[in-house]
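Going by the order they are written in, the chains are A, B, C and D; count residues from 1 in each one.
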Amino acid sequence: MHVTRRQFFKLCGASLGGSSIALLGFSPAQALADVRTFKLERTTETRNTCPYCSVSCGLIMYSLGDQAKNAKSSIIHIEGDPDHPVNRGTLCPKGAGLLDFVHSDSRLQYPEYRAPGAKSWQRLSWDEAFSRIARLVKDDRDKNFVAKNAAGATVNRWITTGFLAASASSNESGYLTHKVVRSLGILAFDNQARV
Amino acid sequence: MTNHWVDIKNANLVLIMGGNAAEAHPCGFKWVTEAKAHKGAQLIVIDPRFNRSAAMADYYAPIRTGTDIAFLGGVIHYLLSHDKINHEYVKAYTNAGYLVNSAYGFEDGLFTGYEPAKRAYDKSTWSYVKGPDGYVEVDATMTDPRCVMNLMKAHYARYTPEVVSNICGTPQDQFLHVCEMIAETSAPTKTLTIMYALGWTQHTVGTQMIRTAAMVQLLLGNIGMAGGGVNALRGHSNIQGLTDLGLMSNLLPGYMTLPMEQETDFQKYLEVRALKPLRPGQLSYWQNYPKFHVSLMKAWYGDAATKDNDYAFDYLPKLDKIYDILQVFELMHQGKMNGYFCQGFNPLASFPNKAKIGGALAKLKYLVVIDPLATETSEFWQNFGPYNDVDPTKIQTEVFRLPSTCFAEENGSLVNSSRWLQWHYQGADPPGEAKADPEIVAGIFLKLRELYRKEGGAFPDPIVNLTWNYAIPAAPHPEELAREYNGRALADLTDPADPTKVVLKAGQQLDSFAQLKDDGSTACGCWIFSGAWTEKGNIMARRDTADPSGLGETLGWAFAWPANRRILYNRASCDPAGKPWDPRRDIIHWNGSKWVGFDVPDFKPDSAPAQDMGPFIMQPEGVARFFTLDKVIDGPFPEHYEPFETPISTNPLHPKVVSNPAARVFKDDLEAFGTAKDFPYAATTYRLTEHFHFWTKHAKINAILQPEQFVEIGEELAKEKGLKAGDQVMVRSNRGFLKAVAVVTKRIKPLTVNGKTVHTVGVPIHWGFKGVAKNGYITNTLTPYVGDANVQTPEFKSFLVDIEKA
Amino acid sequence: MNAADRISRYSSQERANHWMVALLFVLAALSGLALFHPAFFFLSDFFGGGTWDRILHPFLGVLMFLSFLGLMARFWSHNRYTPADREWLKRIGDVLGNREEGLDTGKYNAGQKTLFWVMVVTTILLLISGVIIWQPWFAPYFPIALLRVAVVVHSLSAWVLIAGIFVHIYAAIWVKGTVRAMTRGYVSRAWAKKHHPAWYREIGK
Amino acid sequence: MASQSLDIARRSATTTQPPNVRGDVPKVAKLIDISKCIGCKACQAACMEWNDYRDKVGTCNGTYNNPPDLDADQWTVMRFTEYEPEGGKLEWLIRKDGCMHCADPGCLKACPAPGAIVQYGNGIVDFHEEHCIGCGYCITGCPFDIPRLSKKDGKAYKCTLCSDRVAVGLEPACIKSCPTGALVFGTKDDMIHHAEGRIADLNSRGFAQAALYDPKGVGGTHVMYVLPHGDKPEIYDRLPKDPGISPWVSVWKGVTKPILGLGLGVIALGGFIHYVTKGPNEADDEDAKEDKHERR
C-alpha cells in the first residue's frame, strides 16, 4: 500500500481521534455476535502417536507458525487423528491433556548433577555430563567385568551396573539402547514390561 | 494381543477380567461399546471393584483379588462337565489328545518334581510320551487316561462352583451365570474375547492366570478368530515394542534369548532354540532361529561377526540367572551394584516396597536419570517431608539428570498392543537443551568408546566393534535405526527357486524375515520387525484406512508384526478343511491352491489342509497347549495359589501349599510380609482413568481432573472404622504407610471367603512428590517385594493392609 | 421577596441531605434503568458502559439508602398521619383541581407523607433485595430461587420508587414556590398559608 | 466465521429481530448417551484444552466428582451417582453436566446486556463475554444451574458448544474426544434418530424405561440425554424432571417490563397534561394579603 506523507498524518490523526473518543466511552460496538476466532486456521499439522498407553491413538499436533525460518514453532493444540483406525479421532482424558505434558513446568531443560551428600542440583554441560558418566561407567566396568565364571566358561558379563529402559520411548531409541547396553555386557536390564 | 483393538468389535461376548479397559484404555474400550451397539454383544466384568468398566457391563460379578485361576479353573470345569466346547477345534488344534509322561502327577498342591530347598521344580516329568518315530504319541479319541484332556479334566474337577465361590467370594449363582454366558460362545459362529491387563500380570501366579484364560479360549475355539483371542491391553505406548526388541535381562530382539552360562557352544545354543517338529508335517517356525540370530549379530557387530568367531557369540553376556528388577534391586540393596541408568523410568514410584527401593538407590555410587520430566527417582535423595523422609547429606550417590525429548519432539515408531508399528513425526523443538534419547545414548557411548580405544580396558571388543555407521555418529537418526532393525542384504540374495535370479542386491532393505540367512549374508536388528522399512520405504508410516472386509483388518495402515499379520493364529479361524468356522468372520480361507483373505495368513501360504499342518506354527507340535510341558516353571496346568499376603491365611484347595511354591522370595522380603492377623484387609493397587502412571501429575489438566491421593473403601468397612467420605485415612502394610482421603463407596462390597468376611481396600497409584497435582505418598510404599514365578512381575495387586482414621 | 415575607422551611443540613439523596437517586435510578430494559441500556454509557454500570449501581444504591437514613431520621415524626390527612385524601380531586381551600394541612400533606412512607418501604426492600442479588459479593451465598424473587422485588420496588419520585418532582413543579424551599430553604408566607395552613399557624405563634 | 455468526435467532436485551434471514441453517445437537459414558472426563480435558482455560488444582472431596462443580473455569463436569435400588443391581450413574443449549434459553431471556448472550440459527446458545456486564441474571434465568461468574474477570461463562469449531464445520471438542461414543453430535433430527436406536438397544438389555431427555419446558434442548432410567431423570444427580424457566423470570422478562416502562411514561405524560389543563398551583396576591393582614 502506498501512503503519502499527507495521508499518513491523516491516518494518524484519525486513529488518535478515534481512540480518544473510545476513551470517552463511545467506542463503537464490536462485531455483535461473532464466535471466537478458530484458532487452528493457519497452524502447522503434524501426525503423532499418543505416548501414554498402548492403544497408541493417532494424534494431530497443531503448532504455531507456518515453518517459516523466523517463526519459532510451538505446539498449541493436540487432538485425535480422525483417520486413525483405532481411536478415530477420540482421546481419553490423558491424551486430551497432552498439551500440558508437552509444556509441563516439570520438563527438564538442561543436564544437572547432584554431588554426593549435596542438597541441590547444579547445572552442567552435555559434554561434561557425557564425559563424567563415561568415566564412571568405564571405571566400574573395568573393575567388575566378569570375563569367565568359576567354571572357567567365558561369560563376559558386567552386573554391577544396570539399565532401565523406557517403554514409552520409540523403537529406534529402544533398539539403539539395547545394542549399546548389550555391547557393554550388562545383564541387569529391564523395561516397564517387567512391572 | 492375539487380535487387535478394532477387532474387539467382532466379538459376541467380551470378558474384562484382570483389567479395567474402560478406565485404563478408554479409546480401546470404544470397540467394546461398538460390539455392544452393532453386534448386540454382551459385556461381562469380573473385578474386586465395581469399576468404570463394570459401569458399562451387562453383567458384573465380584471376585477376591488374586483368585482368578480358581474362577477360570471353575469355568474350565463347567465347560468340560457341560460339554460346552468346540470339539473339532480342540481335537485338531490343541494338544488335548497328546499323551503325557506317566510319571507326571499332581498331589496336595504340588506337581511332581518339587524341591522345597530350591523352591523349584525338576520339570523332567512334565513331558509328552514320544513314539519310536521321535514324534509325540497322540490319542485322537481322547480316551486314554493319560491324554492331556483327561488329565485336565481331572485337574479341574476340584474346581466346582462351591469351591470357586468359597475361594473367590463370588456368589455361586453369579459364577454360574458367567459360566453360562461364556459357554454359549463354544458355538463356532460365536466368539468371546478376553481383555486383561495388569490385574492378571501383577500376581505371583500372573503367568498362569493368563494361561488359564488361554485354555478357556482354546476349549471354546476362540483363538485365531476375528472377535476372539486373549488380549493383553498392555501398559505404555511402546511396552510391546520394547519387549519385542528384547530390552529385558534375558532377551535379545525378536524373542530370542541370551545364552545361559552353561551354553558355551554356539551350535548347541542354536540347536536347542531351533525347535524340531514334535509331530510330522509341522512348520515349527523357530527352526529358523539361526537365521534370526546370525542376522542380529551381523547388524550389531558387522564385519567383526564372522563364521569363524561364531558370529561374535562371545560378545554376548551369558546369564547365571535372570537379572529382573526385583533381583537387581535386591543386589543393589545388598550394596552389590554401583551404577544404574533410568531412561524414562521412575523405579522409586513404580517398584514395590518404596523403602527398599530408596534404600537401594542410596547405596549406588552413581545414578543416571534420562527423562523429559523431573521424576521422583531423580530426587530420591531429597527430603520431601513425610513423602520422602531422607537425609540428603547421608546419601552419597552421584546423580546425573539428563533432559530428553518427549513424543512431540521426535520422529520414530511405537508398537501398540495390536502389534502395529506406527510412525510419528516431530512437531516442535525440545525445550531448553533437551536431547533425543538416541543422542544421549550415543553421547555416552561415543565417549566410552573413545576411552576404550585410548586406554583399553576390560574386554573392549564388543564396544569398539559395535556397528555405528550413522551419518552423524553423535545423533543417530531414527530413520537410520529403523532401517537397521528392518535389516538389509549384505550380499546379493537370490531366489531359492531360481538361484540365477537376484531378489535383492547387496545393501538393499529386506522385504521380510523370510529373506534372512544364517550365513552372514543378511543383517537384521529385529527379525519380527522386518518388513517395517523396505525398499518401498517406511511401511510403518502408511495411512491407508481401507477395510474391505468390514472386520477392521486395515492392512494398509502402518505395519503389524509379524509380516503385517493382524490376527495371530488366523489359520485357526478355519476348520481343518480350510473353511471359516463362521462365514461372517472370513478373514482367511483356503481357495484350493493357497490361503487367501483379508488378513495375512499366519501360516505357510501354500500348505493345503490335507497336509495337516497345525495352525500354531511357532510350536513344534503345531497345536496349542493345554498342558504346557516345562515351558512355565510353576506347573504344566495352572493351579490356584493364594497371594503371598492372603486374607484367609490358607489355601482351601491344599492348606499345606498356600502360595505359589515356585515363586522366588528373598529372605528380607519374606520377613516383611504381613499376616491377616495384623493386616486384615485385602488391598489392591490400580490406575485411574484421569491419570497415566506418574506422568500426568505433571500435566495441569489431569491434575485438575484428579488432584489428590485417595483410597477407596466399601461402605461396610467405613462404617466399622467410623470413616466417612472425605476423611483422612491411614493405610498401613507391614512395609510402610500412607495417608490419603477416603472415598467411601457402594462399589466395593465385602466378600465371604472360606467362611470369613473379606474387605477390599483400593489404592490408586498416581501420586508422588513431584508435579502439579497435590503431593502424596508413593503407593508402592505398601506393596510386597515378590514377583510372578515365571516373569517376576511384582504382586502389586494382592497384599494386606490395615486402615484407620488418620 | 423581602425577609419578612419568608418562612424558613428547611435548614441547610436538611437541604444538603435531600439533594444528596436526590442526586444518588438519579444516579441509582439511571444506572438501574439501564439494566431494567434494553430501551434504557444506553444509559449505561453515562456510567462508563454496562460493566461499570453494574459495578457502580449497588454502591450508589447503598449510598442512597444511607443518605436516606438521614432524611428518615429528620422527617420521621413529621410524617405521622393525622385526621386532617384523611380529609385531604378524600378531597384529592379538589387538590388536583387546584381547589384546596378549607383543607387544614400541616407541614406535610397526606400525599407527601404517603410518598415518604413509600420511599421508606421501597428503599428498605431495594436494599435487602439488592444485597441478595449483588454480584459477585453476596449473591453466591443465596439460593438461586431466592435470587429470582429478589430480582423481581428489586425491580418492582424500584419502579414504585421511581414512579413516586416522578410524582414528587411534578408536585414540586406544579405547586409554585415549592422548589425554593429545597433550594433556598424558605417559602413565602403566602405559600405556607395557602398550602399548609396548620403549619402556618403553628409557626406563626 | 462471520457468515454463520450472523445467523442469529435471538440476542439478549435486544428488542428488535437480529439478522435472521439466513436462519434456516440446520439445528445441531449434542447427544449424551449415559449408557455409554464411562465418566473418563476426556470431554472435560478436551474442553479445557480447546477453550484454553485451566481451573486451579483442587482437593479430593471423597468422591470421583472432580472438580466437584461447574465453574467459570470448568464448563462441564461429570456427576457420579452410585444407584442401588432396593433389591436391584448396583449401577454407577455418570452424567456429564453442562449447558443444555435450550431452544428457549432462560439465560438469554434474563440477560440485561445487549448481545451478551446470543442464540445462533443452529441452536447454539453462546455467551459473548466482551458484552457481559457481570450481573449474574443469567444464573437466575437458567433452569439447569449452569452459568458461573468468573472470579477472575466477573464475566459469566459456560459451554459454548464450541461455537468456534461448529462455525467452521467441526464437531465440538468434547464430542471428538469421547472415547466410547457416548457423546454424539449432528443435526438435531439425526440425534433424535440415533437416540431411538440406542433406546431400542437399552430396551433389549432390560432398561424398559429408557428414554430421550429433550425437555419441552424449555422448548427442547440442543444437548440431550439418553437416559436408561428415562422415567427417573432425578436419579442422575438431580437432573430436573420437568425443567422450565422460573415463572419469576419469565413473567418478569415477558410483558411486565415493557408495561412498567410504559407506566413511567404515562405518569410523566399525566403530569404534563395536568399542568397544561389545570395549571400551576400558586399562592396568589390574595394569600399574601391575608398573610399580611394576619401578621398585623
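By our rule, a contact is a pair of C-beta atoms (placed from the backbone, for glycine too) under 8 Å apart; a residue touches a chain by one contact, two chains touch by 3 or more.
The model shown is predicted, which means the values in this text are computed figures rather than measured ones.
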Spell out the chains that contact chain A while also contacting chain C.
-> D
Heading the list of chain pairs by contact pairs is A-B
Chain whose mean Cα position lies farthest from chain B | C
Chain whose averaged C-alpha position falls nearest the assembly-wide average | A
Per the centroid of Cα atoms for each chain, what is the distance between chain C and chain D, given in Å?
-> 38
CA centre of chain A versus CA centre of chain B: separation in Å?
-> 28
Inter-centroid spacing, chain C versus chain B (mean Cα positions, whole Å) | 83
Distance in whole angstrom between the CA centres of chain B and chain D is 49
Residue numbers in chain A touching two or more further chains are 78, 80, 87, 90-97, 99-100
Two or more other chains in contact with one residue: find those residues in chain C.
-> 49
Residues in chain B with touches to at least two other chains are numbered 26-27, 30, 689-690, 700-702, 705, 772
Name, in rising order, each residue of chain A that touches chain B in their complex.
-> 44, 46-59, 61, 63, 72-75, 78, 80, 83, 85-88, 90-102, 104-119, 121, 126, 129-138, 140-142, 144-145, 147, 149, 151, 153-195
Interface residues, chain A side, partner chain D - complex = 29-39, 77-80, 82, 87, 89-97, 99-100
Chain C residues touching chain D in their complex are 4-5, 34-41, 44, 49-51, 53-55, 96-98, 100, 133, 135-136, 139-140, 144-145, 147-149, 151-152, 155, 159, 162-163, 166-167, 170, 173-177, 188-191, 193-195, 204
Note: in the complex, chain D contacts chain B through residues 35-36, 38-42, 44-45, 48-49, 54-64, 66-67, 74, 82, 84, 89-92, 94, 179-182, 198, 201, 204-205
Listed in rising order, chain B residues that touch chain D in their complex are 22-23, 26-27, 29-30, 33-34, 36-37, 40, 50, 52-56, 58, 60, 689-690, 700-710, 724-727, 741-747, 772-774
